[in-house]
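What follows is a set of structures for review.
Here come two complexes built around subunit A, the first alongside subunit B, the second alongside subunit C.
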Partner chain A sequence: MNIFESMSKIDRRIIYLILFIVATVPFLFKVEIPMKPTSDVVEAYNFINSLPEGSAVIISADYDASSMPELQPMLTAILRQLFSRNMRVLVMSHWALGVPLAQKAVEEVAREYGKKYGVDYVVLGYRPGLQAVMVSMGKDIPKTFDNVDYKNRPLKDMPVMQGIKNYDDIGVIIGFEAGSVGDFWAQFANARYGARIILGSTAVVAPDLYPYKQAGQIIAVLGGLRAAADYENLVHHKGTATYGMTTQAFVHFLIIAFIILGNIGYIATQRKRRS
Partner chain B sequence: MHLSTSIWVWVAAFFTLAIFSFLYKDNPFYKFAESVFVGSSAAFAFLNLWFFDVKPKLWDPIASGNILAVIVPLILSILMLTRFIPQIKWLSRWAIAFAVGMGAGLGIVGMLNGYLVPQLKGTFLPLWVSGDLATTVNNWFLVFGTVFTITYFYFSKPIKGKFGAAAKVGIVFIMVAFGASFGYTIMARVSLLIGRIYFLLHSWLGLI
Partner chain C sequence: MKREIPLLISFIAGTLIVISLFVPHPPFNKMEETLNSWYIIVSGFTFILGIDSLLLYNWDKIRRKSKDWPFALTVILSFVVTLVWGIVSGVRTGHIFSTNSTFRNYFYLYIYVPLQATMFAILSFFIASAAYRAFRARSLNATLLLITASIIMLGRVPLGNAVLIPVLWIAVLLIAWVVLLEIKATTSASTRVGYILMLILMVVIAVPLTKFLYGNLSAATDWIMDIPQMAAKRGIMLGLALGGIAVSLRIILGIERSYMS
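And then the complex of A and B:
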């Protein structure tokens, strides 16, 4: 076996080992690569800043633990912006497991900014039904959640819910998407009720959401860890996404190197076989 | 180094390493972690269905004596279960017809009003934007990319000649889209790896 054949047949376990080492080193040595926020992230940031103080914002945490590395830092960074601008935050989810994750993030950030439950934020919880829930929220948000929060406390007693009836009273809906819920936000909440929407998503989902942005159905797409890191940069609070992006860059270089090596090996082997 | 003292962090670390061990080869630790995951997922799905659907929407109203409010869903639910009795399983079609009808109604409105029409509108772009070359080039890509890609999926005419050439350009656009999706997928999967490595180094081992 010559060198080219070896290059196209590297044992996958060696590749995993190298990948693991390359992914670990930037964390251990705290390497950081400077980044300029992408235009979509800046658009989302500026749009939220343009909302009047005290506006109500819906956070829809439509993801679970498997998408936490990408979406949790994004959510935390956006919550910092919202609370620093004294927005009212309504947390909900179309995924049952999204509620505790979003609740964890909102409670942490609310503590930092001295915000109180029921006054500055509320957790509405999870309701099954997806499109039906979105359509129902367009008519009556409290009624959709049976007029109670996730612990069955009446919403009418909470100052945070005062004056909120439907999407007309919401400054922006920010969806954090690990699946297809983002499509439905655009197709139902926007198309039917004209709701303003920003969609943060895992990188896998992001390409599916860009057509909505291009058609003007949503304000911005925040795609994956990169967008989370950019947002941390904009709110001046570096976190796991910022450090993770350095690792991301290192691993991308490694994968590109492996793709090139694999292809050189493949082409060389093919030529040898033909001759 | 500051090892975690939380038992749950150790449990999470064990399962993380057990799953990673599959990268070397299949082994009992991986099998165990996989089985625990499947079992707990099934249990969660059952509880989720009970506590968010059946109990609040059906059981609670019946228990509080308000059976009339849920009589229609109750009948439809029972009809759905008739699938398990061969003699009367045809009754389940009524419940399925209701579910399909509702799904189609929501889906058609959503697709037409929320997807097809806005996306069509999104391609009606000016091919010359005065003083903005970048937007002009982008618009050309978008408009002609859409036309050529649709050409590739037009199956009522043989794909040859000028029509075939247009379809081939469509393939280029499709390949670029696949490439972009693949790039994003790598980024997503690496992000998951980063999340786990950060957990092991930070929350478990306390190295960073």
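And then the complex of A and C:
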């Protein structure tokens, strides 16, 4: 096998090994690359800042552990902005296993800012039914959750829920999406009730959401780890997304290097075969 | 009657929901609220169907001692442990995901989350290997896909600009190499002149293109995402929506009955 053939047929185990090294080293040494926040992230940040203090914000954690690296830091960064501006936070999920992740993030950030459960934030929990839940929330949010929080405590006794009936009383809905729930937020909560929506999503899901952004149905799309890193940057609290972005950048460069090598090998061997 | 009653229920429920969208006044809005509540309750029961299917399928594999039956046993054991632990923890603390729930603090956060995260992380290795094998300039379409994917990959990460110039020039040299090989191989003088003109044109274009992309990589990435990507995506979405409307109408009118089988 000559050099060109080797370039076109690199053993996958070699690719895995190099990728492993490139992915772990920047993360271990916390290498940081300076970044300029993207326009979508700035739009979302400015919109939340423009809401009056004390506004109610719905956080919908529609993801689970597989999408945590991208969405958990994004959620944590946004919660920092919300609590620093004394917003009321209502946590819910359309994914049964999204609730504990959001709950963990909100508890950690609430502790940092001295916020109290029931006064500054509440966990409404999970309700099956997706579109039906969204439509029902457009009419009556507490009733959709049977007027209780995730531990069956009455919502009417909680100051955080005072004055909240439906989407009209919500400053913004922020969905964290690892699947197609974001589409339904735009199609049901916005198109039908005019709810204001920001969608944070994994990088894979983000292209599905851009049409809603361009149509003005959602305020901003926060796509993938880059958006999470940008948000951490805006709230001046660097975390896993910032360091993870360095890893992602190096992995992208590595993949491009492999693609170039593969093509050089492919073209050379094809020429040889043809001649 | 076994077929007619479900068809009648589908017709009434579907028609009411459609009417309530256009007439959001009593009694239709109230009816829609009630139907939505029923839907939410019924959705909850679908979990039971899922569990029933999961257990029966795996139990059958164990019973017949079919290939890989120990995996089926693992599924059932994991299910039972999760269920029992969840119920006990939920009863003791008020909810399975209460802050003091052992299910949340041990099982969910330290077993389930790392397992699922690991499964997903493995994908990056497969994607790298697949990209290396799939992104080959085999045809014009494949080359366009390769170039677009590379621009997006560089445009979406910091330092992409810095890497862009060497990548672009390697791509240009690669194409030039192919063209030179073609020039060498061809016997026709006119084809040779054509290739030479192509080579000159490519070098002439490459310099301003590199300069343009260097300053506007982010804008170029946004353009790809906002225009060609979005056009294709909209087409798919419109097709899906029209398909959804057609299927819904067929169900409401009782033409589509496969959901009953």
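The criterion applied here is as follows: the second predicted complex is superposed on the first by the 275 of 275 C-alpha atoms of A that agree within 3 Å, B and C clash if a C-alpha of one lies under 4 Å from a C-alpha of the other, contacts with A are read in each partner's own complex, and residues count from 1 in each chain.
Please note the rule applied: a contact is a pair of C-beta atoms (placed from the backbone, for glycine too) under 8 Å apart; a residue touches a chain by one contact, two chains touch by 3 or more.
Quick caveat, the model's predicted, so the values are computed rather than measured.
*Asks:* Since both structures carry subunit A, what do subunit B and subunit C do when superposed there: clash or fit?
*Replies:* In the superposition, subunit B runs into subunit C.
*Asks:* Pick one for A:Y150: touches subunit B only (first), subunit C only (second), both, or neither.
*Replies:* second
*Asks:* Could you tell me if A:N233 is touching subunit B, subunit C, both of them or neither one (first, second, both, neither)?
*Replies:* Touch status of A:N233: no partner.
*Asks:* When both complexes are superposed, which of subunit B and subunit C contacts more residues belonging to subunit A?
*Replies:* C
*Asks:* Going by the contact rule set out at the top, does A:A23 touch subunit B (first), subunit C (second), both, or neither?
*Replies:* Touch partners of A:A23: subunit B and subunit C.
*Asks:* Which holds for A:F188: it touches subunit B only (first), subunit C only (second), both, or neither?
*Replies:* So A:F188 only meets subunit B here.
*Asks:* After the superposition on A, what does A:P207 contact: first (subunit B), second (subunit C), both or neither?
*Replies:* A:P207 contacts both subunit B and subunit C.
*Asks:* For A:S66, decide between first (touching subunit B), second (touching subunit C), both and neither.
*Replies:* Both partners.
*Asks:* Go through the superposed model and pick first if A:V99 touches only subunit B, second if only subunit C, both, or neither.
*Replies:* Second partner only.
*Asks:* In the superposed arrangement, does A:Q81 touch subunit B (first), subunit C (second), both or neither?
*Replies:* In the superposition, A:Q81 contacts neither subunit B nor subunit C.
*Asks:* By the touch definition at the top of the document, which applies to A:T242: first (subunit B), second (subunit C), both, or neither?
*Replies:* neither
*Asks:* With chain A superposed, which of the segments 73-81, 91-99 or 199-207 in subunit B collides sterically with subunit C?
*Replies:* Only 91-99 shows clashing C-alpha atoms.
*Asks:* Let me check the overlay on chain A: which residues of subunit A are in contact with subunit B and also with subunit C?
*Replies:* Dual-contact residues (subunit A): 12, 16, 19-20, 23, 66, 68-69, 97, 127-128, 132, 135, 192, 203, 207, 211, 214, 224, 226, 248, 251-252, 255.
*Asks:* Over in the complex, which subunit B residues touch subunit A? Could you list them?
*Replies:* Result: residues 23-24, 44, 48, 52-53, 56, 106, 109-111, 113-115, 118-119, 121-122, 142, 177, 180-181, 184-188, 190-198, 201, 207-208 of subunit B touch subunit A.
*Asks:* For subunit A, which residues are in contact with subunit B within the complex?
*Replies:* Within the complex, subunit A contacts subunit B at residues 12-13, 16, 19-20, 23-24, 27-28, 30, 66, 68-70, 96-97, 126-128, 131-132, 135, 146, 183-184, 186-188, 190-192, 202-204, 206-207, 211-212, 214-217, 223-226, 240, 243-244, 247-248, 251-252, 255.
*Asks:* If we count contacts the way the header does, which residues on subunit C are in touch with subunit A in the complex?
*Replies:* Of all residues in subunit C, those touching subunit A are 21, 29, 32-33, 36-37, 39-40, 43-44, 46-47, 94-95, 97-99, 104, 108-109, 112-117, 119-121, 124-125, 127-129, 131-133, 135-138, 146, 150, 153-154, 156-160, 163, 167, 170-171, 174, 177-178, 181, 185, 218, 225-226, 229-230, 233-234, 237.
*Asks:* Mind listing the subunit A positions that touch subunit C in their complex?
*Replies:* 10, 12, 15-16, 19-20, 23, 33-35, 38, 64-69, 97, 99-101, 103-104, 107, 127-130, 132-133, 135-136, 139-140, 144, 150-152, 192, 203, 207-208, 210-211, 214, 224, 226, 245-246, 248-249, 251-256, 258-264, 266-267, 271, 274-275
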